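The chains carry the letters A, B, C and D, assigned in the order they are written, with residues numbered from 1 in each.
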């Protein structure tokens, strides 16, 4: 055995954490989000709502991989679907067909027919960003235009194309000129209304402001002579994900959609984080009574067992005459392991009334965190939730000023794994989001029990008491 | 059960092929490459070097999912790695660490140290295109420039960013303006030399032509006053994949690299298709004696069991000070199922001398197809190979004019599944590539036996005799 | 003489209007604005405040070539400066120096020193758009960024670069993708407040809205970690020109400038239409108490006798170390005929107190049109003015709804040349501008007399009575 | 008089050179090309072929403002046309018509009908770059595409749009990302053949190389399925101007045009420097037997008295239905002073046989500089000429290596004004161009006499003998 081989053997088999950390320091890119926490955390095992660290300490996970593992870690039924496919058709070039691909596409197509009364088709890819890229192709192809609207606070991925329509400038700053940078529109984030209105009497002022853009050609978006908009589509998350699980007021989307329809602008609904019952409905947008032109989905589709993602588009945008063979391609799109798991997810959703389950658990959870807010008004400025997508906004003593430092402290403290869960050591996995990095975005497993919800709230309270000692 | 649910139940469980085809017609996007063949082919099972259709007929696969399944369909060892991880840590948000990620990154980093004497780090993502996008971020961040060179005939993916540096205009035409379109440079495709030279006495004229671009600021690429190039990097495949497994002459890459070094232009080596021993070395570029600045990899890394992909970059391009936490992100990057399988792939490569194995089998296979070429000079214009990446260029009777129609005919005939494999019905899975869509690009499994190679060549000969009756 | 030559001789010497119109139909591009009026109008002679048509009928011109001929048609002193230069140095390549260039640059530089207490330099070009392009180069060079803010309703020219920052989408629609499209911000157009506020108690809500853009990185413009904006500059007209001579409220620009300074964003002041006393001060921006980083000027600089234009920029943006020799070039920049006339303009401005003159005449004119508005409240919705830049907004009977049709009718009627000027036939030259094409933007000659102002108002009244018979 | 006014009075009236230089140092941008020579040169007077410095020393000008003053400095006939217009219609907003505009457009239209048998129209602007921008609008509007080919060594102006299609990267480097950067194609510069061919037997290899771009979609420019090119037009100078007056071989343009026609790519002919008989024909392209789709012109059109420029385009590209009213606009386009002078230029060209005159003088001049080359083979590597566009390429002793230093020395020495013109002190005005800044591009006045040509060559010889003492 050569020295190189011997060395590699050692590297690929070491289990010593100190050595692993040294290797990570030297060989891993830190360009991902691992080093947001110093030192980063190793996890070893996952089951149900829990992650376990290398010492075996459980961490109650209230964020389930940004909603990618909605059906619980180690979900046996879904893992069986994976191993079944593994034993049969573990690989297949995506230029050939296999039944699960067709079944999965058909199921989503049929569902959307029943929901929106629209014909449409499904196109698969891997990773949410690549599905977003496919949707951009559909939009550009159908409209002949490249510019789109999207929301301040919106997040659609980190490829160059997706970064151009994702609000945060920090994601673009070092990467050159973004020729297709979206025009970002304020989201109806009522707790921090961009127009300082009150929901009670705002009369959806924000939609009116958007509509004004089309009043005169000098407002820059509309050619009244040609009756053409400069922008092809509006990319939305029905509920903002990374933006902090912000829930828009009822009526917002129908009003927005009316404007878009009048101006010939497509509505693209990014359901990557909120789709598949996270917000209580199959698609989060169903909560808001509008039919999108394109839906982009991913994450929970396979419960995190495979990066399978995809888009559904209205027939006229995606029919073979418009979007013909070879329009796009990706090696792992419709990979057989992914479609098998996803199909099983869809079957589970047929069999189980997730809508009722998620809404009930969500309502219970929201009640609990609202009570927490009532107890800690100098720490929690806002709570809200739809389905099992919940938000806790950490604020200063005035209940409004974002308190990012405290948020970070609570998060880091939860990762220490030394909370007291009725006598047992435990950690709490939270995720920080929001415009001001002061929001805990909760996306617990759909399998979470009421007891686990209670436990989660207790642990949260412990964290608050540890980290904000003078605030109660 | 509601009507919708009943309907879905039916859809998600149907196995009838006619019904599946009807569903595919209605609900599947045709924008991928499935409908390049009409009607598309269903496959049901995969094992070793064979795909099996729904009737159980085996198809010898000489293309192994564009090289994504190099270690054979249903490779037990790798599947075991997957199921092991499934039982332990099937899911983990990529902001946390798990050992396999670190081990895998370290193994690749160590290997590159030993190969190129360069420090560097690994960044993971899913799907080759997303890894390309990450590499573009690295390039732009490090150089402050967005434009790059890449090769005519080159293929780097189909996201918008990757399409901008992939040669085919067809992949861009309907998708708006590509602000970062690469400048595409002729590849040293000696069988069809872009400069009509002969390799014997060309003295690498093509490199000289490239170098001329920097002779005067009026040649558009070089500011002699500032000593700065307008282009940040040159994206290459050491051996072109989709371009038709074109192998450059020895000496080409060192000469090119010298020019790039003199002008401060990075070399980005796309090994997505050719990496991991496809061309007989761990990285295909090792055959050509140059050290790249960035390597992009994917496909065979997991033998097709997971879309895990990644990049390795030289330390100065990717060190945390340059590419700090949060520089990019992807939900499924370093997903635990992917890293587990990939790590097992690396372990296999430590234990087995793939270099010798692949080169031996490749040489044997090349000998066979060269003999075939000798028997059918009016059908096969060129054959070539490096490792188990082989090419057969189908030409007209002059042995040079590309014969796309015949190529398509042979391909389609192989898919019929009615060839005679010593009395047994069999199909042959080929893949068509090349500038003129007249090249069979062979990427057989590394597990292929000499007998299977012989069989493959026999089946090829049957196809030629069926499809080109007047040409022998 | 050849047939071609004879034909040309005829073409170049014809004076017959019917023949000229036939030639115009066939050989002139209609892509300019001539055919906004059908049939277009020929003029033959110009003097003082009057244009004369081919029949000798005078047209009182209240718009003076969009403010390019502020000092009166046929101004003898300025024409003498032109003919003097013609007899001495009529031509000189701009790579050599001539005194007038230096004197003119120095005069503007000194003036700005005294006005803004800032060092700076002047760079000449021809045509306002080219000066805008030069300013974009200065901005990009100094900041390393390409994106800018500009105003809805703003107009900066029609080159591709200038069109990208000019609000009207109609100017971009047919010309491909504008990679550097500005982000357009609502202008404080209080008569039609974009936020439906009232000036009395709005507390400059519009500035606050602009400032909100920098509150969170998710608002898309600001990287709080790096303390960097995505946008390099804000292009403004202090008073909007094509936008309809809209005058911002006092306090607006200082408040805006404070935000820009806090975020490191340059202020570029486009004075092409409003500079040189049109709005009562040398630069219109002087009315608003802010010091811009760059000033762009043109038009009235030569009283329309030469397209000379230019920019002034703060020393740190334009000093030779930053903007070195060869940074840009234009054959006719600092052409000797242009600098000679412009220098004479500056000398006139030294000798005459234009500030007092223009403000006095402007106040008188505004009083008159306000009286007109009082008489025709169902026709004129708004009047306003600063210096001799005045606006009359034609509205429906409610005094607010823009009435574009009536505006067009009045304009066309004025061009008929059959108004009654105390017994003499006369026409009235108006110009239509504004977001809704319902604003007469008046830019009379600085040489206009009170009698001519009275006459102008009388003629306007005649037009109103002819065109809006039921509205009084 | 205020202190500011007194100061300005002084500044605007100073004639002292030392003071002027101090003002220039402080208030003039150095971003133009004035400081290519240190110290820059002041000129005071111009007449015929001569510039005069402030001491009255004449400088024989062999470059006539890069060909803008082809008809001689102070041409009385043309100046009279200007003063005539000055006394009649010195100003007129370009939205109204005046006869000279129509006559001039018609004359050019008729000429092109007779030359190319094509209908077309003329659109005016000011400055060559703005005319180029208009042509880009025409191209984009007609094709729906933004990308164009242009030549290495080509120069089309310095607005951002023009810089994108002008070869020198130095002109782009500091100005951000150029989303529409042209693909630059090697020009047939036979003295330094980009492909190292010899004209005798190259068989226009360069055209063949260009044509190869369309052989396969993988060559990046052509979608064979859609039969569409990615590039809309090819911008050419028939003879390169700034590129060093490089004259292509006969046959080149017809061969290129055939390829363009086959691929549906427009030919845009930039005649800004070479039009109006500089190369012996009205348009330089007439020497090469192809009909362009668009012609862009400027400079000599007014003999430098006004920046008037324009484009002519084939009817189908520019007809009102395609390029309707309001498609573009520029305040000074078709300004009355410019059209009056330009019309007089056209009339002169009708009356005088410039073709014969320019060709005769050019031939004489070329003979003289060829003799000079024969005498100084170690200094002059190449001479060439077409009409009165002539080139002298300064090389090292091998007659080929570009000698930029010597070129600069000769240029600077000529500007000293101390050459001996038969006993009289004289200077020589040359201009340096070329890919390697080693070419004197001669563009003498059409009014130059044989004696002045002789004198010019004598002065050149004096310069060579002074600056290259060891080379003869």
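Before moving on, here are some points about what is shown:
In this text, a contact is a pair of C-beta atoms (placed from the backbone, for glycine too) under 8 Å apart; a residue touches a chain by one contact, two chains touch by 3 or more.
Every value quoted in this text rests on a predicted model; they were computed, and no experiment measured them.
Over half of the residue numbers at the chain B-chain D interface are used by both copies of the sequence.
Taking the mean of C-alpha positions as each chain's centre, the chain lying farthest from the centre of chain C is B. The centroid of the Cα atoms in chain B and the matching centroid in chain D are 49 Å apart.
Centroid to centroid, with C-alpha atoms defining each point, chain A and chain D lie 57 Å apart. Rounded to a whole number, the gap between the C-alpha centres of chain C and chain D is 31 angstrom. The multi-chain contact residues of chain B, meaning those touching 2 or more other chains, are 144, 146, 170, 176-177, 179-180. For chain D in complex with chain B, the touching residues are 146-147, 152-153, 167-170, 172-173, 177, 179-184, 186, 194-195, 209, 212, 215-226, 228-230, 243, 435-436. Residues 144, 176-177, 179 of chain D are the ones touching chain A in the complex.
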